Amino acid sequence: MIAEISPARTAVSLSSLLCLDDVEDAATHAMAADLRDFVAGGAGTETTLRANRTALERVRLVPRVLNDVSACSTETTVLGTSTTMPVLVAPMAYQRLAHPEGERALAAACAGAGVIYVASMLSSSTFVDITATGASTWCQLYWLRDRGQMTNLLRRAESAGCRAVVLTVDVPRMGRRLRDIRSGFTLPAGISAVNLSGDVGVHDGSDSESAFMAHTRLTFDPSLSWSDLDWLRQRTSLPIVVKGVLHPDDAQRAAELGVDALIVSNHGGRQLDGAVSSAEALPAVREVVGDRCEVLMDSGIRSGSDVVKAIALGASSVLIGRPAWWGLALAGQAGAARVLELIRQETEDAVALAGCRGIADVRSSVRALPAAESWSW
Amino acid sequence: MIAEISPARTAVSLSSLLCLDDVEDAATHAMAADLRDFVAGGAGTETTLRANRTALERVRLVPRVLNDVSACSTETTVLGTSTTMPVLVAPMAYQRLAHPEGERALAAACAGAGVIYVASMLSSSTFVDITATGASTWCQLYWLRDRGQMTNLLRRAESAGCRAVVLTVDVPRMGRRLRDIRSGFTLPAGISAVNLSGDVGVHDGSDSESAFMAHTRLTFDPSLSWSDLDWLRQRTSLPIVVKGVLHPDDAQRAAELGVDALIVSNHGGRQLDGAVSSAEALPAVREVVGDRCEVLMDSGIRSGSDVVKAIALGASSVLIGRPAWWGLALAGQAGAARVLELIRQETEDAVALAGCRGIADVRSSVRALPAAESWSW
Amino acid sequence: MIAEISPARTAVSLSSLLCLDDVEDAATHAMAADLRDFVAGGAGTETTLRANRTALERVRLVPRVLNDVSACSTETTVLGTSTTMPVLVAPMAYQRLAHPEGERALAAACAGAGVIYVASMLSSSTFVDITATGASTWCQLYWLRDRGQMTNLLRRAESAGCRAVVLTVDVPRMGRRLRDIRSGFTLPAGISAVNLSGDVGVHDGSDSESAFMAHTRLTFDPSLSWSDLDWLRQRTSLPIVVKGVLHPDDAQRAAELGVDALIVSNHGGRQLDGAVSSAEALPAVREVVGDRCEVLMDSGIRSGSDVVKAIALGASSVLIGRPAWWGLALAGQAGAARVLELIRQETEDAVALAGCRGIADVRSSVRALPAAESWSW
Amino acid sequence: MIAEISPARTAVSLSSLLCLDDVEDAATHAMAADLRDFVAGGAGTETTLRANRTALERVRLVPRVLNDVSACSTETTVLGTSTTMPVLVAPMAYQRLAHPEGERALAAACAGAGVIYVASMLSSSTFVDITATGASTWCQLYWLRDRGQMTNLLRRAESAGCRAVVLTVDVPRMGRRLRDIRSGFTLPAGISAVNLSGDVGVHDGSDSESAFMAHTRLTFDPSLSWSDLDWLRQRTSLPIVVKGVLHPDDAQRAAELGVDALIVSNHGGRQLDGAVSSAEALPAVREVVGDRCEVLMDSGIRSGSDVVKAIALGASSVLIGRPAWWGLALAGQAGAARVLELIRQETEDAVALAGCRGIADVRSSVRALPAAESWSW
């Protein structure tokens, strides 16, 4: 399948892609239908998938003027790491589905762009190969039934040089993504979760369960709870990031437990259909957390304006998932680099046009009118 | 007509239907146009019919995380009866229109799925045949001009083993469902309300009145009022459920009178066109009622996410009508079972993905942002 | 032109028209394009024309149950006159454009239906011919430059038996209705404002002004102000109704001056484009006026549900304009009668399905959730 | 290019254009695709471009009645200059792109219509030629890296007779207008910023930057800040108008610094994509500024109703940009005059139909319900 799409990939001039929507359009044509659906799809009737975009579009920025922006910069730090912009690449499984070079290509693009790459536990390249690109790398973990496997993963991630652990907490089971069941999508030979020892693989779906859902059911541990954060803390000295928080009460508790960062996320609309959009959930989370930890956000970011909206609503930084995948699918490292170049330029433009010299200015002086009336708790 | 649609019914593989929208699409093709309209239609310009869906889509769930959901269950009780999920099948008249086995097939599917079947007073099968399927059955009543008929119905329902009486209070007359007048739809020979002795039948419509409207006008008693609840209470020891309440003042009064449960409902958009959606009405009803009685809800539920939204907005359980009909029309008991299987699985997924171990967790810890700004009373 | 459309008119079976939308569709085909546009059009970009419908559709009724509605009635009184429903026919000019029998046919339909007919000052039939139908008739007046003409009109209206005077206050000039300018629409020979002596006629439009706008400019007096209400009061003992009020401060002042009724109206979207919808303006007007005078409402009413919504929002009664015209255009008196029959039946249905015995019940017990958040003054 | 579109221009009868939408339609056909996109386009995904219109359409006017409007006038003053209406023509660069007579034609139309013409710093005609038309002219300035150039411009503007200086503060860099990058649009030979000495010109774009963006980057000074207002104040005695303010805190500071007027503007959606619409930002700006300075507004005004909405929301006057361009492109001075004639007539109609004798009445007595719930600061 990968070989087949190569011609399409080479037919597009990257410099002609002027925004992430352009990249999406081009990538959509470059991917086979089942892969395209695997990437684009959400859970259930995809209500939340749509809501993520609608909510961000409804946010309105109130920019500032008459501030010297000649030295405008998008640089910031994320958990102490300097980055060129408040944008990370979100963890995504099996990136060799998108391109033969997979994770290595996307991580290399991140290294080149000076942003953090979050390696999925389900990467199809080894953590060592990923960090060898020079990318500042975080390692994402799902909670596995096999606790020894978890320990192994932590060791591998640490020895490969990963700088933080991201624990995804919104997948006690996989959301029903109907597109994958309908297409019968599964992993082709040669692509697997190479960082897992003896993984059961993603091969057998059924009428009611995609191969990915089956894999999740067999290997993920749905008993993950607050007390398990202790277990994790005892086994690694890396900063711990909790991904998938939407409810302020959970954010409050995580902050009290000393988590280093939260990611406000609905998993790109791929888990609970009907869940609130990230952009709507973000302000209440930031309000309860205050400055006790960083608050990142993902699900729906498609432009530099969206980045600035998220910052103004309370985010420390954001993550992009699908856009990076589109770039990777289109032209490997170069395609991903184009995506990062576009969103960095757009973010810089939005920061400057909001009358800010940098990200800190956005936080302190730009107002974002929220997508919906605020909720009191 | 039933014979004609059989081929279409057999052409669909039930396991390929992955959500209730799929079932609707398939059933729409399997039913004759007039029957399809009879099922799908609402009153007047169908404003409320559409509002039921729009309101539920606008509700946003704020899920919880880091709660052990390994033993996630959708089980609950409804008026003391254990059920596998907080979903009942709503009363619907003349189910033999959908399938030769009619009520028996749908009740059998409920028995198999472990959910409560609410038998319409206008069932085309006898109460005894229905309860013989093993389904936990409630009996729904309209208020008839012939009070002796009411007494008979109560006796038949009780002796057949029905466990509760549902009094529908939103049909003092039938809403003008224009589709039925336009199609001239009426009951075919062999289908009638077999639990009514000497029923006038549903045969004669006119230019301004469908046959169903005429039947309602002739047989239903529009004088039904609060004092009649006493009459009913004196004639049965079964729990009494009042179906069709939207106004908090009515809910308050019903609770004070000791009703066992309320059903917040606009009759699926088939009675007062312009009535508020059930999802919008629900929170205010629950607020005034508190825990004095159970509050059920119907009108617009089309997925497990909708079930969880309703629970989070204050419902004890919900009822589904049209989706069960679609399954029945498509493949009798097996089709109805598929619908119940889908919504149960979706509900379990939504409960787990909302970070809950069960329905009680949803009630206590998940927040649902309402469809519209709340109304104060 | 009228002759040409007669065949089309006879081709439609009135009994097949089941709601006002049906009547609109049929009438749209029966009228020549320029007349159709004259009736359907609004001012400017027709923002307010659309808003009238949108606002009413957004209003949601919260009905009551368990109230004996066996004797449900839509009867009410309007300024002391008993009517069969809280619906009047709004003043509309030159009704012989719609049908050769014009005002006489529409008034006769009102007489038959037991509702009030409001005769336009610009009627193409004499007031005497109109009241001869037996209809309870009000006489609508624009404020004319020729004050003697006003006195004559009052005398004619009084001697013909009109029971109230409606002073339209929202036409100091005519709104720019672009459709009429584009079509060059004007009055055909034989149709004129027969109650005006020596009227200049509606014949000469231009590139920037329809013939109707020119007529208004030449004959209407834009100096109409509060003090003129005194002039009118001194010249007639009939009740005075002020039509075209949207602002609560104006409603307050009118009530203080002892006006008998107000009509909340934006002239069917034909005057100030961008004006608030009547349904949004109504609650604030009723709130300041209280019970000091009746508050009627028009602009956008298209069903019995709309009637009940308006009542629940504070209206005493409503007026319908275009729907009556459609009926008249389609089949003269019989067509208009069909429209009145439909809306009366729909209103009765809505009253009963809202759990009310009559209009007073709607006012006291049904809640209408407003189209927009309320405005404080 | 101009020659080619001349035939199209002559084919349209100006008197057949009855509203600004008509003018837009006609102009759209008369301009080459790249020029049409240059005019119509906004930054990024054009969210703000669309929001400007949506917000104005959502504003609802609550008009007054029974006020003598026989002497209704749209006259007002802007910074002490009498104008025939509260509408100015906004600064737009290179108007000879639209028509060979360019700025001279548009200024002449303004002179004829009695409204203020704001000459862009990037005019393709000299300030002297512009003021020679007799138009009351303001001179707009961007902040240039070459401060001597700024001094020269001020001198030229003053000696040409310009009456105010408009400092545009929302272009520290140009927004990414993708349409221009895609079309490769640039200035044709013979069109340049003739008021700038030794301008680098608008000739060289690239894959990621339009020629206009490059010009801005090379010549505009992004260090513009509050202190520079002092520099400007010291070099001219003309009134100073700050254009591009959306945030109340900036408005507050500008008012404190004694600026003569503010223009609430998002540059027609061409700078920060995602910025709040002008109509939403206006009320909060007026509230903090009070009467300390005039508050003008642009971005999205397309009718006289929009003018009245803006006034009622707090604007002193408004500016129109694209509509004037459309008129110019269509038929030079005559086309622009038609646009000004239309909006003046529409404004007068809206003032009169809102029950007002003039602009002051609108400010004091008409209420505009805002596009969105108000924001507190």
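Structure notes:
In this document, chain identifiers A, B, C and D correspond to the written order of the chains, with residue numbering beginning at 1 in each.
We adopt the following convention: a residue touches a chain if its C-beta (ideal position, glycine included) is under 8 Å from a C-beta of that chain, and two chains touch if they have at least 3 such contacts.
Because the structure is a prediction, the values reported are computed rather than measured.
Chains that touch both chain A and chain D are absent from this assembly.
Both chain C and chain D derive from one sequence, and where they touch, under half of the residue numbers involved are common to the two copies. Between the Cα centres of chain B and chain D there is a gap of 58 Å. A separation of 41 Å divides the Cα centre of chain B from that of chain C.
Shared contact sites, meaning residues of chain D that touch two or more other chains, fall at 373. Of all the residues in chain C, the ones that touch chain B in their complex are 15-16, 18-19, 21, 57, 59-70, 72, 303-306, 308-309, 345-346, 349-350, 352-355, 365-367, 369, 373.
In the complex of the two chains, the chain B residues touching chain C come out as 44-45, 47, 51, 169-170, 172-173, 175-176, 178, 181-182, 207-208, 221-226, 228-229, 242, 244-247, 249-250, 253-254, 271-277, 280-281, 372-373, 375.
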